[in-house]
Every structure is written in C-alpha cells, then in structure tokens.
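So, here come the structures, one by one.
After this come two complexes, each holding chain A, first together with chain B and then together with chain C.
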Partner chain A sequence: MSAEKAWDSDTVCRHQGRWIIAQLNIKEYAMYEPKEIFVNTSRCTACKTCEISCAVAHSRSGDLYGALSEKPAPKRRLYVEWVSPDENVPILCRHCEDAPCMHACISGAISRNKESVVITDSDKCIGCWTCVMVCPYGVIGRHLETHKSYRCDRCPDRETPACVSSCPTKALVYRTVETFSKDVRRDAASKILAGEGG
Partner chain B sequence: MLLLKYLPAKGGKMKRDCPDYLIIGGSAAGMAAAQAIKEKDPKGIVTVLSEEPDRPYFRPLIPYVLMGRKKAESIELLGNGPYTSAGIEVRTVARVDQVDISGKSVNIKGNGRLSYGKLLFATGSRPNIPSGIEGIDANGVFALRKLSDARAMAQRAESTEHAVMLGGGLLNLKAAFALLELGIKVTLVVYSPEVLSQLMEPADAGLIRNALDKAELKIITGCSAKGIISDKNGVTGVFLDDGSEMSCQMVCIGKGTRPNIEFLSGSEIAIDKGIVVDKYTACNKPDIFAAGDVAVTFEPVTGDRIMTGLWTNAVEMGRCAGYNITGTKTAYSGTFGIMNATQVADEPFVSMGIVHTKDTAYEVHVSAAKSTYRKVVFSPDGERLVGVLFIGDITGAGMYRYVIRGNMQIGRIKSHIMNHTLHYGHFLKG
Partner chain C sequence: MSADKSFESKSLDPAVRQMIAKARDKGITTVWDRYEAMNPQCGYGDTGLCCRHCLQGPCRINPFGDEPKMGICGATADVMVARWLDRAIAAGTAAHSGHAKHLAHTMMKMTKGQAPDYSIKDVAKLKSVAVRLGIPVGTRSDMEIARDVAVAALADFAEKETPVQWAATVVTEGRVKALAAIGAIPKGIDHEVSEIMHRTLYGVDADAVNLLIAGIRCGVADLAGCYMGTDLADILFGTPAPVVSKANMGTLKADMVNIAAHGHNPVLSEMIVSVAEEMKQEAVAAGAKGVNVVGICCTGNELLERHAIPSCTHSVSQEMALLTGALDAIVVDYQCIMPSLVTVAECMGSKIITTMDICKITGAKHIEFTEEAAGEKAKEAIRAAIEVFKKRKGQPVDIPDVESVVVAGFSTESIVAALAKVDAKDPLKPLVDNIKNGNIRGVCLFAGCNNVRVPQDRNFKIMAEKLLRENVLVVATGCGAGALMRHGFMDPANVGSLCGDGLKAVLTAIGEANGLGGPLPPVLHLGSCVDNSRAVAIVVALANYLGVDTDKLPVVASASEAVSEKAVSIGVYAVAAGLPTHVGVMLPVLGSPAVTEILTDKVRGLTGGYFIVDLDPETAADKLLAAIDERRKGLGL
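Take a look at the complex of A and B:
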C-alpha cells in the first residue's frame, strides 16, 4: 500500500511505535519523533539540582523562594537514588509505550497527549492509587494533601524539561532516540580511537 | 431507482451487518479489546454489544455517582484515558441470549441475529445474591454493580436513615462510604472475623479497622443475615443469625460476583465456572476468544486457575484478547488472584499475591508502626517474593508487583524489599 493511500487527511496515527503526524497533503507530512529524557548515570553526582528545579517548576510561584513557602509544598517528580557502592541513578517516568498506569487507571484520568507524553488529569483522578500499584518504575507520587497522584509531565510549557536544563553535569539530556543513539555511537567511537591513540 | 445505490450489491452483505469483530460486553475487557483491535487493525469493523442502557462507563466510579460527587456523563469511557479510538460501534440495550457457533451469529434478545467474523466474550460478572436470605427481593435491597443501581440507590437514599451492608469486601466498603458521605448511618455485617478478609488476614487489618471505626462505620463481624423484613414501602429491617434485629431502610449486598455465562448454556464452548481460554485468550472453538471477569485465568506464581473481578485485570486481559483476535499472538501473563489498591477512610493500602500466610511455610516479615503496616511474604526458601501487603505507605508498590510477577530471584535486593528501600536503580545496577 502506498503512503498516499495509508495517510490521507489530518490523521495522527501510531506507526511502528512512533507517532506520525500526517496533515492535509501527504507529501508534507513530517515524521514526528518525540524527544526522551536520557540519563547518563556516570555523570550524576547526586547534587539533586534536578529534583529541586522539578519541584520549583511545578510550584505555583515558579521560583525557589516562593516554592519554599507554598502550602501544600510543591513536589518533585524524579528521584535521584543511590546504589551501593557508588552509583547515582536519577529515576524518572519513561512515559512507557504501553503505559501500564494509563490502562490500569479506573477513572480514565491518564492519557497520552499528542506529544506522546503520558499525562494525569488531576481533576479526574480519584486517588485510588491503582497507578502506583502498577508502575514498575515506582515514579508515581501520591499527593497526600490533595489526594491525587502526580507524575512527570515533561514540563509542557518549557522547551526543555526543568530537570534537564538545570542539570549542571549534563547527566540528563533531552533528545530523540535517533540523535541520542548517534551521540552514544560517536562517543564510543571516540573513546576507542582515543584508546588506540594512547 | 436512486435509492438502489444505497442498497448493498446483490448477494453481498452490508458490512455493518457483519462486523469483523463482535464483542459481547461493553465494560472493561470488552472496551479495552475494542481499543486494542483498532490499534492493530484500524480498518476492521468493531461492534460492541452492551446489555446496559448506558453507554460504556468506568464502572469503579459508580460509588462517586451514588454520593453525588460525579455525574453519570462524566464517567463515560469513550474519549477518556486510553479510549480514544474512533469507529467503535457500541449498541446499548443489546443482550445476547444465544450464540450459533457453526453459523457464526449471535441472537440479540428481541432484536434478531447478528453475524460476525470473530467473536469475543467479555460479558463480565454480576453480583452473587445469596439464596438463603428470606425476603431478599424486597424493594430497597441493592447490589451496587451498574450505573442504574447507583441511580436507584441514590433515590432510595433520600428516604434512608440507616443502611445495612451485607458483606465486608471492598465493593461493599466503597458503597458504605458513599452512603456515609450522604449522611446515612451505615452498619456492615460481615460473616468473616474481619473486613476485607480476601485481601488481608484479620491480624493485618488493624489500621484499616481503626480507620473504619474512626469514620463511624458500625461493623458487626462473625455474623450473617437470615432475613429481610419489608412492608409496602420496601425494606424496614434485617434479622441476623445471632437472633438480633435491626431496623433499616436499605440493604446492600456485597457477597462476591458470578460470571455471566448463562447465554452459553447448551453451546459447545468449554466452561469451568467461567469460560475456559488458553494462554492466548482463545476459547475451544476457532475465532472465539474470552476476557475479563467471565474468563478463567491463571495465577503466575502458583499456576492455579482463578477468576478475578478487578477492572485493571479485565483491561489487561481484554487488551491481550484484542491483539490475539486480530492475529497478533500475545500470551496473557495471568494475574494475581489477589491484587488491589485503594484507600478506605484515608488509609491507603495495596495487597497483592500471596498474603494469607497463617499456618503456611512462607517466610513472612511484618513491620508495624503507628501509621504504617508492611507485610512481605517470601517463598519458603526465602529466594522469591510472593506477596506484599502495604497499609499507610504504599510508595513504589508497582516495583514489588514486578518482582512477584516476574518470579525473580531476589538475591541482593531482598534487604531492600524488607526495609522498603527498593527503587528502580536496584534493577538497573544491582
């Protein structure tokens, strides 16, 4: 089947695990590949700047001093954990392809937006914690004051999520899978070359 | 003459009269399957038959409709959460009473036959109404299962001062809290020694029980109802097997569920309490599948055949059946007989896997504090996690589910499981 037949007008379809946006004229369709947050654990020093900037980005005031005095206190949505003996691992929502939280939700509060980000509508959330029960990454938080669950929303109002842009060591990067793997390959290649040279 | 072109071609069938995929049942399993089918076969014609008058809705939200916190329209399923696919035809008030397997058609009660290409049974379950209680047909006796029950209960609630709930399971507790919120006095009559006996042992239920007591829910344990008394206006009271009697204007029954399989009686579909399926959710006849509460599934740890009545399980199995019915072979990984998360009276809890350990050889670790209770259950050799019960603090519960379900050798992470310090980094770098 030709591409013209498969995508006619204004369709947004999932194809081979990627979102493809086809608009009006098929010839103009752009392959839309969402960016992901990648973690380079070897660069993480557990300074937790990402956690703080995440909480600030999700505060009402939007700045650190305002956020500190807010009640209920703004929450971070990623967690820098430590694995013995010396590994630091920032853990964050992967916005899973077949998101278990989204399918498990008993109130239809969790959906995927057109940027492929899994979002929780807190108006619809009833605080049953089913999402907490099924998330294999353990990254869905419970807001006890509001009785709602919360999670990474990839900072919809920012070009780059707050955690990534604040990370001083570039342990967090925001790329498409394609460019990230290209970078990893280049990095590996340069290491091999450097090794040979030395 | 002009009209002729709208008629089907000679000898051909109009496509909508013979959907490629026919799904009987428009709740969790049926709608999740419909959505999954549309993902794999966007052009396939999918028809869902639901016997209810309401369009598909999130069934677990009906207590919120009862208590008036949500409106019926706001709990509609299509268009919310992952249910975004267009082109799923849903027919309401369409109850299937017979299936012709060799002729590939079903009979819709009072509405003729409908042919199909492939068929999915997702007829779910209904409340189990015990037969030994006198006067149970009285007006004002409910089992909160459908949106129509919630509406009827809400109406009856207006003239109810005291409601008696028979059964101490989660569904009845949720109904009880909805009634409490409406300002009704509620008494829970539980045959077991403690509430939520399916999800935890009496010794584990202390925090939950305290929370229920604090919420002023009256609980009578070790007791069951013998009969219901009524007059022309409906229920006036309940008498119990200990000889006592209570006056009340409403009774709500929460005594488990039964699979809806009657429409298959006399058919060649294999039944063993529920509909028997293989690990690809297929029935014993070609092109026929089953999922959700009506299907018999298996427990991944013990391999036991089980049936569950949980929305989340039904969705998972329905999605799997949806893939299989389109020809994308997908093995269903089974589900825990016990799995639930919720919050009763401000006390969150998660219970999954094997949590009933009295007189067993399992290795059990319990840590109880003022506001939290944790019970972790390992296999007798201590090398695998088989169940957890968390009350109060349920942080990261999904990771424990992942460990139990994967039947993982826990090795070094065991201490983290016991101390509730487990995080995903342990799987990445452990």
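Take a look at the complex of A and C:
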C-alpha cells in the first residue's frame, strides 16, 4: 500500500494533516492539530454541571426545561467520579489514538472521523458491549431504550463541547495537546526556577 | 448619549439602556455582567433537585433518571422539590408579614405616645378595619381603637385558638370553607413560617402532597401579612386616591439634592417625605435648589400612591439610577436591595444609607432608624445626601431624558369611590354590568419583579398590550406596576392606542363621571407588593356582589418576571384564592413531574386556582385569555 493511498482513510488523513503541520510554525500548527478535552482535576468541585449540560446538549430540544420531559431521557456522556477522600475526576472518552473499542468492535460500527473523534455508528452497533468491555476508562454507556452504545461525540455541532463551556471552574479545557503541554511545561519550569532560587 | 440598540436583550427601557452603555464605558459591573458571569447556571438548582437541608448533603438527584435517584436520606425528587417550594413560601411570608409587624409595632408605639411623628391619617379606614375584626368602635377614641387593632395585628402572628384574622375575615365565606376543607387556614402567621421550617427539616415531612398543603396554608398566612401591611399603612399614612406623577430616571434633577427611598416599608420613607420640605433650607445653603425625593421599587410605590412622589426606576435596574451620577443617596429599609448598590455608589461618588438592624450592607452608611426619633433620623439621612451633593455640585451628570406620565393611587376604596360617581347607590353595578356585557372581558393582575433572565419589562409589556387590546381590565402592583408605568401604561393619554373598544368606553365613562375630562389610565396602579391585598379585596367584593366564590370569576394573575421568594408566596395565595396564576420564569420544580403536575393542574381540584408556567409572553397571554373565557362560560356569560 502506497503512502498516498493510505491518506484516503479517515485515520490517516489526520496523519496527512500532521505531515503538513510539520512544515508550519507553532501558531499554525495549533490551528490544524485537533483539540482534546483535558481535565484539570484540582479545579473540579464535583458540581456535575458538565453532566447536566452534556445530557442537555444531547437532547432533542437542546434546553434544560425541554429536555426534562423527553422520552427517552437524554444521556450524559461524561461522569464525575469521586476518589476517596476528596478528589473529583470528570472522566470521558479520550478518543484514544489506538482505540481498543475500535479494534474490538465486531460489527465495524466504531471508526475515527476526520476530526479525530472516535464515533459509533448506531445503525451498525449490535449492542454486544464488547467496546464497554475493553474501554480502559469505562465511559461507553448502554442505552436501554435503543439497545445501542453511546459515548462522548465531542459535540460535533458546537465549537466547544458543552461540558467544557459549562464548567464554572474551568476544570475542563478544550485545547490541543501542544498548547496544553506547553502550559504544563511552563508551570513546571517556573517551579524548577523557584526551587533553584529557594 | 443615545440608547444602544444592542442592549435590547437586557432592557426595554430606553433610560436603562443608556445607563447600561455608560456602565460599560466606565467599566462598572452591573447585574447583567454578573448574570453573564454566572452562566451556565446549575441544572440541579434550576430543577429543584439540590438539597442542603442537612450536613450529609449537598445531595443532587439526576433529573434524567440516572443515579443518584434520591438523596442520601432517601428523599425523592418529589420531596426535595416540595420542601424547597415550602421554604420559599415561608421566606416570602416572613418578609411580607415582617413588614406588617413593623407597621403594627409602629402603630402600637403611636398609641402609647412613643412615636410622636406618626398619627392616624385615615380614621374611616381604621374604623372599617376594626369593625371587620369585631373590635368595638362606638364612641371610643381613635387611639383606643388603634391600640386594639395593633393588639389584634400582633396577636395574629402567634399560634392561637382562632384562625389568623387577617386571613379569615378578608376572603369570601365560601373561600374560608374551601380552605378549611383542606386544612389551609393558618393558625398564626409566624407559626406557619416556623412550622414549615420544622416540617422541611432533615427527616420530617416526606410526603409531597402533605408538604404542598402546608405550603398553601403558609401562602394564606402571606395573604394575611400583605393585607395587614396595606391596612395598617393606610391607617397610618392615608388610603391612596388617584394622583398624577411621573416615572423613570428623567425625574432626577441635576440641580437638586436627589434622594431615593428604596425598599418596602412606608414607616421609613414616609418620614423622608415629611421632612424633605423642612430640609430645603439646608439643601439651598449647600447650593441646591431643594430636595428631590424619588422612589425605587415598592417603597417608591407606597410614596407614589399616597404623595405622588415620582418613581425613579424599579427592580433589576436599581443600579442604573446611581449610574446617572445625579443620585446623591439611596436610603433603604429592607427587601430587594441589591448589595451591589454599595459598589456602584462608591464608583459614582454616591451613598447607600441602610436604616434597619436586619438589613445592613458592608460598605454602606448605617443610620439606625427608630420610630421614637423617626423625623430626626430621616433628617440625618437627607443631611448625608446633602453632603454628597456638595461634592458633586457643578459636575456633569447623565440624567436620561426619559419620563412618563403616571396616574396612580387606585386603592379598593378609591376605585369604589370612582364607581360611585357612576352609580352612587350601587357602586359595583357599573363594573359588574360591563363584565357581564363583555365590555370588560375579565381582570388581570400584574405583579412581581423584573428578572435578569428576561429582557427587563418585555413580558409585562407584551402581555399587557395583548390583554388590554382584548378588553381585559389590567391592574398592577409592585415592580410589575413599575414596569408598566415606565412604558406609558398608566398614562390616560394612551388609552386610545392601547385598549380595546369595550375597555376604552368603560375607562372613559368612569373618568368622565369623576370630572377627569378623559379616561382612567389603561392600567390601574394598586400599589406596592403588599398591596396585592388590594387586588384580593376587589376580587372578594366582586365575588360577594355576584354571590359566587372567587374561583368562579374571570380574574387571573401574572408574575411574568418574578424574582423574589415573596413572588412565590404571593403566587401561592393567588392560587389559594382560586385564580389561574401565570409565572413567566421557570420555578425550580421541574425536577419533580409530580409536583409540577400538582401545581399546574391537580391543585385546581382543591382551590380552583392553578399555576400556568409559560416563558413566552405571547402564548402566556393567550392562556390567560382562555382561562378568562372558561370562567365567563362557567358564569353563563
């Protein structure tokens, strides 16, 4: 299989993107590299606003009051988990580069789209729950009414996913790996300097 | 400075929009900025599914049916929502009745000679209230009667053998029976508030229906607090009769010491007004042309209805009055005072003066008000405003050139008096005849606040326009009245453009019979939020005249931009009185479909009234019209 041919698939298209990006400066790179939802766990107060806004964003009416009466009830796709004694961690699909669910799906329902989001095609999903079994994060849900699996779709119709824009403490951020890491590096660097100075 | 169209999403009031633009230019944070910063608001709180009644909490129930499905104690969504609602009703009741109790204490001190600045201004009202309460009148002195009325008022707060008098004697006999049948006659106003706090404690009442019945009973206690507040204020300060005044920020005067009375109780604001003229000399000495007293919110309504004091602004736009730079001080008592006023005042070089022990704000100047030295304290407050004026004298101010004509002061008594000019022997007959012949399709009461979630005044304006066109007689109280007066709904000149032909004819006939040379205003101003009692009095009079109960009349109520828990308790007593009652913002009850169904439907089987929750003013008005028509049909009209 030639390199050019491989770029036709969704997965490799993204690699194509990176190949182009490699020739651009860092600012342009940020424009091309897909963003991820990162969690700053120290800022999470477990208010669960993200869970509500996630469910509302995936309702038919799109607003809280309307969503309350919908059948089937809209589902949240992220989960604020509590780690004793006092840590709160919002967990959601990481859209893994090497996604176990995608490999495991026996009906070929799970794929990666051009935006690098791992998606489940409901029509193909047979409800075998193999994806649930292999997901290391436990973030694939079972829809009892439709008998299909569901997960974070990163809100395809929104510029910023609903959970991120609703988070009152900005514990959830929507950034590229590069910009997120850069901030972590800067923070670490300032700590190193503070250590040297002290 | 021109009104910025882009602020239409924040307010329909052009004066307010000018001041929002100014706030933006000066970098001053206002209620609209804080609302933006608060969004998105918590979905659990918004649906009533957050409980903080014990220290195991906070508990949240997932509104979409996922876990958690109940609180740690086992409280269901129904219980959580009903408990929340009960506490809101109790808070509203505590506030209205606290206001009334303050008046009762003032009246008591007056009868003992301890409050020399207060007197009985309406002896006829005193006697009519006394007669209603079964207090002997005969040849007794006014002060003796007043003392007994004050004693009876204070007695209504504690639990006692007899029902709350200000509830049981102010509604129809049929209503007393209907409420007694469901155990909703309050035994004591404070008792009901306290009992709500008990039953909503950790591990007490866990039956939504039982909780809601208690809520209705407490709502009826709120009616008592409101009714008492109106009665006692009328006795002490006079029963309102129609007056002509103005509303909006154009009523501020650059060359005068501008002082706004803000809050609720006329006990304080009446004193400000009564000493203002006396303080003119000191103001002139400071270089001003005099003292200009204006009102904000409900104490503004109290002053407007009795003394034609102009209303500066209302509710959500209270900060905007300070943005003009012309308001030297705001003197406040309690309720609906945004703490942010202090910061805005600091930015604009103005002063906030608190006066009540229960309502101090960090950063404000506090002048402890006492009934014993009321006039002196009022002067002290005006002096503080004069000091501010001295500093701002000569500096530019931005007073929006916006004001509207207001004809206010429609108490039950003054409405009956106006009708008596049409039919002296049978004053209610012209009103009832016109309801029967369809000139008046029904009656709607607009009450409540301005809510930052709604573009200020939008719901009031759209709904009132629609209902007036459909010949509904509209009366208004509180900041709902404030909204409508600022948009010209209380200017008789607008009857032609706003009212349907039937209503126009009735308002004109009554106006002309009263020698006004024109109609009554399109919307009748009944007063402050405690004055919702006046609406109840009118409805009860109509019901008694027709020999039916209040739940049969083509009368509806609407709090289309409600904020305060007081609006919740008022809504509950409107429903208890049997009225279809619209709320134009979402009550945090949707988390319990069962409670929502009770409030909007099932309660109808108990009181005849029910809530209509609709955020769209157009469809809400249609629903109120349908409710009116349904009742007309029930009466065979």
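One rule holds for everything that comes next: the second predicted complex is superposed on the first by the 155 of 198 C-alpha atoms of A that agree within 3 Å, B and C clash if a C-alpha of one lies under 4 Å from a C-alpha of the other, contacts with A are read in each partner's own complex, and residues count from 1 in each chain.
Following the convention adopted for this analysis, a residue touches a chain if its C-beta (ideal position, glycine included) is under 8 Å from a C-beta of that chain, and two chains touch if they have at least 3 such contacts.
Please read these numbers as outputs of a predicted model, since none were measured by experiment.
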item	value
Side-by-side fit of chain B and chain C on chain A, or clash	fit
Which of chain B and chain C A:L193 touches, first, second, both or neither	neither
First (chain B), second (chain C), both or neither touched by A:M133	first
Partner chain in contact with A:A55 - chain B first, chain C second, else both or neither	second
Which partner reaches more residues of chain A (counting touched residues only), chain B or chain C	B
Partner chain(s) touched by A:K75 [first = chain B, second = chain C, both, neither]	second
Angle, in degrees and to the nearest 10, that opens at chain A between the C-alpha centres of chain B and chain C	130
Chain B versus chain C as contact partner of A:C105, first or second or both or neither	first
Where chain B and chain C come nearest after superposition, their Cα distance in Å	13
Chain C-contacting residues of chain A that also contact chain B	none
Touching residues (chain side chain C, partner chain A) in the complex	40, 42-44, 46-47, 60, 62-66, 586, 590-591, 593, 615
Chain B-facing residues of chain A, complex	13-14, 41, 79, 81-83, 87, 89, 91, 99-100, 102-112, 124, 126-130, 132-140, 142, 147
Contact footprint of chain C on chain A as seen in their complex	47-49, 51-53, 55-56, 64-65, 67-69, 73-76, 165-166, 168
Chain B residues within the chain A interface of the complex	32, 39, 42, 58, 60-61, 64, 75, 77, 80-84, 311-312, 315-316, 319, 339-343, 348, 350, 352, 394-399, 401-402, 422-426, 428-430
